[in-house]
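For reference, chains read A, B, C, D, E and F in written order, and residue numbers begin at 1 within each chain.
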Amino acid sequence: MKLIIAMIQPHKLPDVKKALYEAEVYKMTVTNALGCGQQKGYTETYRGVIHDINLLKKIRLDIAVNEDFVEPTIKAIIRGAKTDKIGDGKIFVLDLQECIRIRTGERGNAAIG
Amino acid sequence: MKLIIAMIQPHKLPDVKKALYEAEVYKMTVTNALGCGQQKGYTETYRGVIHDINLLKKIRLDIAVNEDFVEPTIKAIIRGAKTDKIGDGKIFVLDLQECIRIRTGERGNAAIG
Amino acid sequence: MKLIIAMIQPHKLPDVKKALYEAEVYKMTVTNALGCGQQKGYTETYRGVIHDINLLKKIRLDIAVNEDFVEPTIKAIIRGAKTDKIGDGKIFVLDLQECIRIRTGERGNAAIG
Amino acid sequence: MDTSYAVTIGVDTLWVLIAAFLVFFMQAGFGMVEAGFIRSKNTCNILTKNFLDFCMASIGFFICGYAIMFGPSNSFIGLKGWFMVNAKSPVDIPIFAFWLFQAAFCGAAATIVAGGMAERMKFKAYLIYSFIISAFIYPIVGHWIWGGGWLAKLNFMDFAGSTVVHTVGGFAALIGTIILKPRIGKYNSDGSANVIAGHSIPLASLGVFILWFGWFGFNPGSTLSVGDGSLIGRVAMNTNIAAAMGGITAMFTIWKMFGKPDLSMAMNGALAGLVAITAPCAFIEPWAALLIGGIGGIIVVLGVALLDRFCIDDPVGAVSVHGLNGIWGTISIGIFGQKTLGLTNNGLIYGGGIKQLLIQILGVSTVIAFILVTMGIVFKVIEMTIGLRVSREEEFKGLDIGEHGMESYAGFQIFTTE
Amino acid sequence: MDTSYAVTIGVDTLWVLIAAFLVFFMQAGFGMVEAGFIRSKNTCNILTKNFLDFCMASIGFFICGYAIMFGPSNSFIGLKGWFMVNAKSPVDIPIFAFWLFQAAFCGAAATIVAGGMAERMKFKAYLIYSFIISAFIYPIVGHWIWGGGWLAKLNFMDFAGSTVVHTVGGFAALIGTIILKPRIGKYNSDGSANVIAGHSIPLASLGVFILWFGWFGFNPGSTLSVGDGSLIGRVAMNTNIAAAMGGITAMFTIWKMFGKPDLSMAMNGALAGLVAITAPCAFIEPWAALLIGGIGGIIVVLGVALLDRFCIDDPVGAVSVHGLNGIWGTISIGIFGQKTLGLTNNGLIYGGGIKQLLIQILGVSTVIAFILVTMGIVFKVIEMTIGLRVSREEEFKGLDIGEHGMESYAGFQIFTTE
Amino acid sequence: MDTSYAVTIGVDTLWVLIAAFLVFFMQAGFGMVEAGFIRSKNTCNILTKNFLDFCMASIGFFICGYAIMFGPSNSFIGLKGWFMVNAKSPVDIPIFAFWLFQAAFCGAAATIVAGGMAERMKFKAYLIYSFIISAFIYPIVGHWIWGGGWLAKLNFMDFAGSTVVHTVGGFAALIGTIILKPRIGKYNSDGSANVIAGHSIPLASLGVFILWFGWFGFNPGSTLSVGDGSLIGRVAMNTNIAAAMGGITAMFTIWKMFGKPDLSMAMNGALAGLVAITAPCAFIEPWAALLIGGIGGIIVVLGVALLDRFCIDDPVGAVSVHGLNGIWGTISIGIFGQKTLGLTNNGLIYGGGIKQLLIQILGVSTVIAFILVTMGIVFKVIEMTIGLRVSREEEFKGLDIGEHGMESYAGFQIFTTE
């Protein structure tokens, strides 16, 4: 099992969700985050003081999947999130040792979906 | 060492914390998140437009523990979070390679607690 | 590749960012979180009821780096976040199996930076 | 052109209308205070209740409220002027202006209850309640005291409504919240209370200022005429002094008792002072206003603590602010009131003996009894029919989504872990 | 001293000024409603527009607006009193007081449009628009109806501005939002609408109360004199009844249609009732106000649904509230108006026939035509010159950062996934 | 009944009371502006200060403030009428009404300082300060100018308080913030400034509208009588024009200087225009109001930049808005004032020479000197005794939790990384 973490542009979330559904990935956890990367930020001015913002709004997705779903999930995320502009984000894949469904106590692959 | 990530129902957080304390797990990081899973959402209506909400409020717990604490921690989370209703959430266990306490620079098992 | 997760004191974020830049780590994702640990909280009183707060505001950093950047990154975080006071936080290191840049589809080390 | 002069009745109408506008605006104050003191997940719900109870009150008071309150006939209830058809104004100013002023008062009494029963009462149930209180219950009490009813005949005095408006609202809230039971998680099995913090102190603070502002219509406006300005001046000053002193004493009381100057309590204290001064404002000297308001500020703090002791859950302090201080204000007339300022007997400290005091106590107690019984029945009947309280799940999720299918702060990240 | 008496003109000025203050305060109400009903990322932008259009209106109405609206000369446009230099007041009260009252009205007409074109219109474009409408367009219509122009000569009646202010603002918003096109993501390819939820119900609710409060200056103040108080009393009561009834009918309509009592709609309903009662408030009985307001509340709900049907994106409902109900209110005079209350002919149901009704219809339709054409041209020209709409990127990021380089809620965690 | 006429004194009292209510309401405006312009973690603290300084001012002005300001005796200080016991009103209207109007002014002066010293001043220290300024410092200055003191005798003119209220508040804030030192993180070692963004633009915007609204009581109310309405009309119009123009010039100035139309500055500009017009509003023509307000808007922007240059940290711009524009407004009388409008000498441009101008400069400078010295001592003494500033840890955590043990926005996810 793997835990896939993706940082995407906030306004692409609906597209990514659609793409994931098409890939039959229905379960995920979404968090909002601030990202700092190649994408240059913007400047704010407040009461005559100028200020560089380099922490930009991002959405973080955490998706636990079984091995055979890893590639489809990655592809789906890319399909949904890609705009070819700097700032599109990243996908990280971690090894997931165990997964438990709290409601049933099921473990492993059975608990993922 | 392991990093235990749990997604739970927001209103179960106090119970989960209590259960963890009983299991002598005192340290954790809490984040609020939105979850999408089997649990069906609800519909909002705003100014005559109907709208399905399938991202539901969840609480995410990140808990780093030593090996011998893994099972007790999982059990405690289940004890606190279980309502037998869809949406109770999931627990994910990742392998934690290193843990450092910023204040002291301590590393490994010593730094976890 | 490794995924470095750090929980720090909110007001140290600027210092940590500075330290990371000096270590040539320019990319990260920031989330705000609540932490519970050795650091004792404070009490709130509201309309005659007293209330202990033990979930304290923390900032969570997620930084994906290549092997050779792991130690420099950890050192930089410590340099920026250390105040020698309880509550300074923790750094967790996880093994990162894959990293993909959404914009280009690049994978692995190339995609990290 | 050669100078023409303004007629008294025109100026008086002008004054009463402006006062009515200010009293209307208090509705916004109530809404903001109640919203600010509860959790964000129930904000839209309380605001809907607050908004609609004024609408309901306006219509209810138009259909039968006014007829019951000011219609002639027996000294228990008026029964003339339904739909305002040939309704009469008991004073000089035109009927329509007088109606608006009175309707705004009626709305205030109705909305006080929303706060006390907040975060768990069904919206439908609230709609029905709000129509009943403003169309029937409030007008009956009003008839007794301001409509020439039996209490008026006994020379019971309540200048601007400590009893008529605030005690009525406060005790309706009390019986309501008792029947409704506390919010989930408010009290522990051992009877100790938990904090359920209000979600927006700025909203609450704004609301209190709006209420204070509106009170300058509520009290001075109750003169119903301008005259040479000396009375409205006195009333306005007394109102302000009592509010200020109430805020100060409440803050120091809570500070002493719990170690921190709690703004929410200081603000409740100012409201307490305002409620307390409402009845006596015309009959007393400023120094007495200082005392009455100051004591009101202490009463509210102790009241809130007391209710928690009995596990009576009043999220915004409606009972202590309006109920308890309504009593205190009404009684204070019997202590500090002056014959020279329009009472039939001097108050206690002016050697008038306890006569007026007893009348005041009699009046306020009968009103309380009447409210507890009638509103108790109303709430019970609602409970047994359409139900009074939302489901446990809905209470967790919040009434905004459950009852209205919308959020109050779309997009904002909010922890709801209570 | 021996009593001296107050001169009528002084009291009337006092009244008109207080009314002007209340109408000014409506600007805050508009700002809060518009801000509350849109997304947080565009809040600072709408508030800046709302704030500056009043500034612009004040200056524009000072430079030429007043001269065009109330300056003597032909019945289409006034052309005397630029910069208020020897401008005359058409009524008894002093020119400066009269100006302030009228300027506040002008500001209201201007700001209505901000809501309809919210979340995507360039700030620069808005500044220019707001100066043009308040300095030229609005005053011309005002001249026709209140400045002794051709509609006034036809006995077209609009007591406080259902047509002059609200229809003008509402239809300017309509043509504006059509030219501007819907917000990204509001409508799907199949024409169905998506929810773009307002970010703060409390702000919106406060705003509606402020507007209602201000309307007590808007309508009763339009008497421009106090007299014996009977007229201002009637107007004030009618205003309140219509608002309350509008809120109730709108809530029940949306409840029936979509299963939930939507506060945002109930509030729109109250505003609808207020807009509708603005024209007839002085000429009708309270029961008629009940009907007019109630129907207004239904109109607004259907109007919002209708606009979505045609994919016309009006984020705050400006068109339905001000446009449609401006028409309804204007026409209602021809139905419920009474000769005895100051009309030249009785309304339909009083056997006055359809004469007045036709005049009203004629008047409001010409105004609508005039607005659609002139404002259509204005917006088109702006679009072709400096541009009307912000870039797609800026719309995603939000106009607060794009146009003003600042956030409305610094530090708050806000999801912006629309 | 046969018509009876309204007595002048009644109508004047009515007017002054309504004005007093509006001025009171400004307190809410100050609270919202100050809260909106600072960080959320200190919001409850500033609101508590704002709320309690009005309570303190009311009581302080009742105990000795009024006696010092309007009590007879020498031309430096009044010493009669403690606790208002046989205090006299210097004007026709009843003493209590006059007191309320003056007390509201006193509260305004006190609360201006809260903003300038926000986000780091101890609550206890603030309580003490607020009592001292409203009970002693402000009344002394008031006595000089409005209480028949030495400046009044010199024909120094300040119609509604540019000097008495705003310069006093603004310079008290200046000396206070200098002694208090900047907020942690506001200035870098190289003296450059960092942005510490306000947490709620909507709150601030609402606050500014409330202030503007209240100013219609502040300035026109200072006529203290209605008369034939011509004066109050002039004052009201001038007030509005200056505010509008101030908002516009401030916006364009900041736009030009920093590339973005900053709402917070535009709003400060309107307030600057209001402060500036406060002294001259009765003595000038509307076109002069346009100029005075417009210049005020520019002054405030430059003022804010200037203070940052000197690393003087004024979170809400209190010094520039109230201090600098208080000076400008006071002086402007000497330039644009007219004999025919009640001055003893014409202003500069009306050929009256520099006489009045010099008197104005003398007056405002002595007041500034007096404030800097007295308040400097007050703050220093507080600093050396109970302490003026909270601990570094508390400043990080926020004063809401540190001083009041509560959060302003319970449940909301807020980044506090400053």
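Heads up, the rule we're going with is that contacts are C-beta pairs under 8 Å (C-beta built on N, C-alpha and C of every residue); 3 or more make two chains touch, one makes a residue touch a chain.
Worth saying up front: this structure is predicted, and the values here are computed from it rather than measured.
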**Asked** Within the chain touch network, how many edges lie on the shortest path between chain A and chain E?
**Response** 1
**Message:** Using the stated contact rule, I'd like to know whether B-D or B-E comes out ahead in C-beta pair count.
**Reply:** B-E
**Between chain C and chain D, centroid-to-centroid distance (C-alpha), Å** = 51
**Prompt:** Centre to centre, by mean C-alpha position, how many angstrom separate chain D and chain F?
**Reply:** 33
**Complete:** Two or more other chains are touched by the chain F residues 5-7, 9-12, 14, 18, 197-198, 200, 206, 259-260, 262, 264, 405-407, 412-416
**Numbers and ranges of chain B residues touching at least 2 other chains** = 31-32, 44-46, 94-95
**Inter-chain touch pairs (all)** = A-B, A-C, A-E, A-F, B-C, B-D, B-E, C-D, C-F, D-E, D-F, E-F
**Residue numbers on chain C that touch chain B, as the complex places them** = 2, 5-8, 31-38, 55, 58, 60, 74, 77-78, 81-95
**Item:** Sites on chain E touched by chain D in the complex
**Value:** 5-12, 14-15, 18, 22, 39-40, 92, 197-202, 205-206, 208-210, 212-213, 216-217, 220, 226-230, 232-234, 236-237, 240-241, 243-245, 247-248, 251, 259-264, 266-267, 270, 286-287, 290, 412-416
**Fill in**
Per the touch rule above, chain F residues touching chain D in the complex are 1, 3-7, 9-14, 17-18, 20-21, 24-25, 27-28, 31-32, 35, 43-44, 47-48, 50-52, 54-56, 58-59, 62, 83-84, 93-100, 103, 123, 200, 203, 206, 403-413
**Complete:** chain C residues touching chain A in their complex are 3, 17, 26-31, 62, 64, 94-103, 105, 111
**Complete:** Interface with chain F, chain A side, in the complex: residues 44-51
